[in-house]
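Each of the next two complexes has chain A plus one more chain, namely chain B in the first and chain C in the second.
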Partner chain A sequence: MSIKNMTKEKNWSGQKLVSTDYLLFEAPREKHFMTGSEVLKEAIKRCTVDASVSYPITPQSEAAHLIGELWAEGYVGLYFRGENEFGVMSEVQGCAMAGARTVTTTSGPGTLRAMENFPTWSGTRIPCQLILMARGINSPLTIQPDNLEVSFLLETGCMIWYAENVQELFDMSIAAFTVAEKPDVHVPIITAVDGFFVSHTREAVMLPADDIALEPYDPYAAPLPPIDSEMPPGRFLRDPFVMKSNYISYATHASWQWEVRSAVERSKPYARHYLNGLVHTTGEENAELVFVACGTAVHQAKEGQRELAKLGIKSKVVKLRTIRPFPHAELLEATKNAKYIFVPEFNVVGWLDKEVRTSLYGKSDAKIVGRPRVAGGMSMPAEAILKEVFENTNLKGA
Partner chain B sequence: MANLGPAHYSPYPVAFYDDLLTPPEGKALLLTEIVDEEVAMREIARVMLTSENATIFPGPQVLYAWNEEAKKKATLIKEMSEVLNAKMIPMYDYRPKYPKIDAEVEINPNHPNLTIWHNEIKACIFVGVHCHYANVALKMIRSETDCYTAAICGLSGHEDAMATIRDQHTKEMARFIEIAKEVKKELGK
Partner chain C sequence: MSVDIYKINPEFRDIMPQEIIDLEENATWAGESVEKRGINDLTDKKEILEEHSLCAGCPEAAALRYILAALPLPEETIIVNSTGCTSLMFPHIALHTVHSMFGNQNAVASGIKRTLDWRFPDKTKDVVVLAGDGATIDIGLDYTLQSFFRQEKITTICFDNEVYANTGGQESGSTPKGQVFKMAPKGKVFDKVPMWELAVTSGVAYSVKLTASAPKKVAKVLRESILIAREIGPTYIHLYTPCILEIGLAANEGLWEMKEQDKDRFDDFKYVSDEAADYLKKCKKEGLL
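Up next, the complex of A and B:
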């Protein structure tokens, strides 16, 4: 296997090259029963991935290990292990700056150890993908669903998408490469799922055949030239302009940061197409009671919505598929009739609650309740959601 | 609001503040309006032909003979400058220039305002500049100068320019030159 085996029709592993639209929307699919980690392997298998770097800590999801198997099977061009998570994310950056379609996976502790790299990724405009199987932050150690680490990633300049289940994980992680690699976007993307619930448990998933794959990444259709140590960002390492103390260099740094944020905003039209909308709603369209959530909290909110319907109470669930860019317009439209907005979350800090409040401030009269919040591996039963509804609204069941 | 500068103290991102994004395929962006490509081409030509010290800023993608298209584009840009009565000041690389840029002979994305101030440029075209550096420069120019910016882009365009046309290759650039000739004739320039 070699990149030299690539033709216009087939990639190095012999898979037929197809468009993202065909892969996501048109190719026939068959039903499978897989864990999130296994599904991620199937997605990466169909993405003509040039390079993957990992640091397989314990306990962890199997995802990085399974991508390693793809290398052994000839589907991923390069695979190696970093010395630690900081090393991994630095090496991901190196691969991507050299023009490789690059992917890695991690979770809470590794995310924080590698933290400095994420804003550096976005500052260098690399379109790599991090699959974040969120599991919380030490200590105490957990591999259960807790997405506290996402709050640390919100302002790194990376796009953040959030999948509810294994099907969305499959489709999102394919679309993620395509959107991240658009020349006017071209920033890293973090595709998040709730660990354990999605990474470790099996669900039905519809997959296209594995003899087709995405067109390769074209590093020349990029907003920066491929790596060149004589110019920024390569030259950052030798001659960072922020260290030059004059107003012009400060303005450059400010403009650079705004450009990264602008690039994330430019992803919206593409994400609307490939994700079929930045938000997805379930339930009664005109309901005054609205749940806004992401990840598996959406699934639990839907359970709550069904239980409330049995009591004659109309409600709606608004699933946010993208967190960065934040879908301000879509959220405002989806909550325009709301009197009560509940934000159920799998973390103790309520980072999504803060996002929702900030987005709707001055635009909505709804009472916003950031509950229930569960963490550290606790489940979120529908009863807990209903209890919050009855305690914080004047809604009464039939 | 996205408009002609000097607009703000800090570099101004219209995508973030004004929800203005790159135009869809086949279209162009004129300040806040999505328009047909020809409308934008005519407006860019009009502004360049009627502004003081109009200047084209060619970037590395058209200054060096990377490939056949780059060579053809370079020839077309020279013709474009003649049709538009415009000067050319190159952005030949992206390195910050210290201790001081020679603003008379070059422009740099890290301090583009120096070249525009020094040469009193009231309208300019970015062409052949990698998108990231063009965008970094365009935000600063909108913030700090009263220069009308246009971006002729081979990829997706630049919402931080006041006028942008996208997917511009040799065929499209030749069309722009023909439209500029018509506008020049109409203006009697």
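Up next, the complex of A and C:
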């Protein structure tokens, strides 16, 4: 396998190169039945990926094995197991800085071990993709589904998208490369799913054929030159401004960080296109009772919505598909008739509840209730949702 | 050819600083020079290192000048750095360089090297890691050794000044036993970490310990290590560049300190694997050394 086998029409593995629009919206699809880990392999297979670095941690290990198989099969350019997640994310940074379309996966404690890398990724403006299969964080020791780790990533300057199910993981992880690599965006993207609930659950999914794949990444369209000695300037700086104590150095650092966050905001039009909107809503459009959620909590909220409908209570579910950038306008629009907003979450801190409150502060009169909150691997049955609704509203079933 | 990235757009030539024009006109790039680059160029050629911001008389600055002058293929060389005194010099190097974080330099370099080999299968791209003893041996030991285990084809250079100098003089793993530094107010209680030996145990094809007292020797070791890293496997250079500030020497005393240590903690250590030794012989025959 060599990059030299790539032509204008085909990538190095012989797949026909197509646009993201064609791959996501136009190519005929067939029904398959697979887990989140398996569907990720199918997505990466169709993305002309140059590089992937892996490390074992439950529940993302299988996805990482399967990307390795893609390398062995000739679809992914380079692949190896790193020494630990801090090393892996540094290796990913090296790959991406040198001009590779790069993907990796991690979970829970691995995410925290790698933490210093994420703001460094966004600061170096690399468009790599991290597939995050969220799990609990120690202590006590846990391997169960829980998305507390996402709260640690919110201010890293990386984009964060959240997929509800296996199908969304497939479509999002393809769109993610395209949006992250836009020259006016060009920041890392974290595509999150709830571990086990998505990574290990088999669902029906619609997939395009596997003989087509995304156009390759063009590092020479990046806002910063790739580290390959092929593009000017030969020297990037003249002075080590970060080490100096003067206004210019402070202003440089501050404006750079603002620019990273502006770049994340600039991804919105692209994300609206490729994701068919930053939020999706289901249920009664004008309901006074609204659930705002992401990931599999959306799925549970929808079940709650159906149960409530049986009791004659109208409700609506607002699924946030991007967390960074946060869909402020879409959330405000979707909750404009709300009297009650519930934010069901799979963690103890209620990070999404805080996000929703911050976003709607001064703009909505709705009572916001950050419940139910389950964690540590507990499930969120519809009954738990209904119980919170009845305890915190004056809504009564027929 | 990558040397083209140093060519100035004629439209902008009149506003270019002299140092940039000099890089185009009077630096030695391997691609265009018939003669071998080397430290002799330091006298009359444009250096790849512009003025630096280290202390006056710092041996580390001298060592970096020798290294940059001796790179066999500078226009195809990526240098990966870590946090420390060296990161003050890095922005002054006219090559593609990376400062990522503290300690992860060999991991970043691994990703860069593998990607460049993937993207440019017909080109030689050298990746060199250059970091201090704190970065190489303490906070980054895992990543240093793991890159050796994985046989990453990179050259790792440790500028050992036996102290965390940039943060104000704290004990490092590379500090000799008994030395009083900050964070070791009663003197360091364990021995200097023999990194050059750990490198051999960890699978490098070439490991050398030396001081920067003899420029030509530094240049020779650097060329050998880069050539071996291209073909055979990881190489390691452990270079003594004393922190004259922290051990209380004057600006003109660094050289004498290195000469002293040539006979003591930095007496000769050179390991060359059989395969690397054969390859060096071949390089000599072909005129690469």
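By definition in this document, the second predicted complex is superposed on the first by the 380 of 398 C-alpha atoms of A that agree within 3 Å, B and C clash if a C-alpha of one lies under 4 Å from a C-alpha of the other, contacts with A are read in each partner's own complex, and residues count from 1 in each chain.
Heads up, the rule we're going with is that a contact is a pair of C-beta atoms (placed from the backbone, for glycine too) under 8 Å apart; a residue touches a chain by one contact, two chains touch by 3 or more.
Remember, it's a predicted structure, so these values are computed and weren't measured experimentally.
Asker: After superposition on the shared chain, which partner residues are touched by A:108: those of chain B (first), chain C (second), both, or neither?
Answerer: So A:108 meets neither chain B nor chain C here.
Asker: Name the contact category of A:86: first (chain B only), second (chain C only), both, or neither.
Answerer: second
Asker: Identify the partner contact of A:269: answer first if only chain B is touched, second if only chain C is, both if each is, neither if none is.
Answerer: first
Asker: Applying the document's definition of touch, where does A:136 land relative to chain B and chain C: first, second, both, or neither?
Answerer: Neither partner.
Asker: Specify the partner with more touching residues on chain A, choosing between chain B and chain C.
Answerer: Between chain B and chain C, C touches the greater number of residues in chain A.
Asker: Applying the document's definition of touch, where does A:182 land relative to chain B and chain C: first, second, both, or neither?
Answerer: Only chain B is touched by A:182; chain C is not.
Asker: Between chain B and chain C, whom does A:223 touch in the aligned arrangement: first, second, both, or neither?
Answerer: So A:223 only meets chain B here.
Asker: Touch check for A:252: first (chain B), second (chain C), both, or neither?
Answerer: After superposition on chain A, A:252 lies in contact with chain B alone.
Asker: Which chain A residues lie in the overlap of the chain B contact set and the chain C contact set?
Answerer: Correct list for chain A: 225, 230-232, 235, 239, 241.
Asker: Would you mind writing out the residues of chain A in touch with chain B in their complex?
Answerer: 125, 182-184, 186, 221-225, 230-232, 235, 239, 241, 244, 248-249, 251-252, 254-256, 258-259, 261-263, 265-266, 268-269
Asker: Can you list the chain A residues touching chain C in their complex?
Answerer: 2-4, 50-51, 53, 77-78, 80, 82-84, 86-88, 90-100, 102, 116-117, 120, 124, 225, 227-241, 243
Asker: Looking at the complex, which residues from chain C come into contact with chain A?
Answerer: For this pair, the touching residues of chain C are 2, 5-6, 23, 50, 53, 75-78, 80, 87-98, 100-101, 104, 107-116, 118-122, 125, 142-143, 146, 150.
Asker: Enumerate the contact residues on chain B facing chain A in the complex.
Answerer: Per the touch definition, chain B meets chain A at residues 10-16, 19, 21-22, 24, 60, 93-96, 98, 109-111, 113-114, 130-133, 135-137, 139-140, 143-144, 155-157, 159-160.
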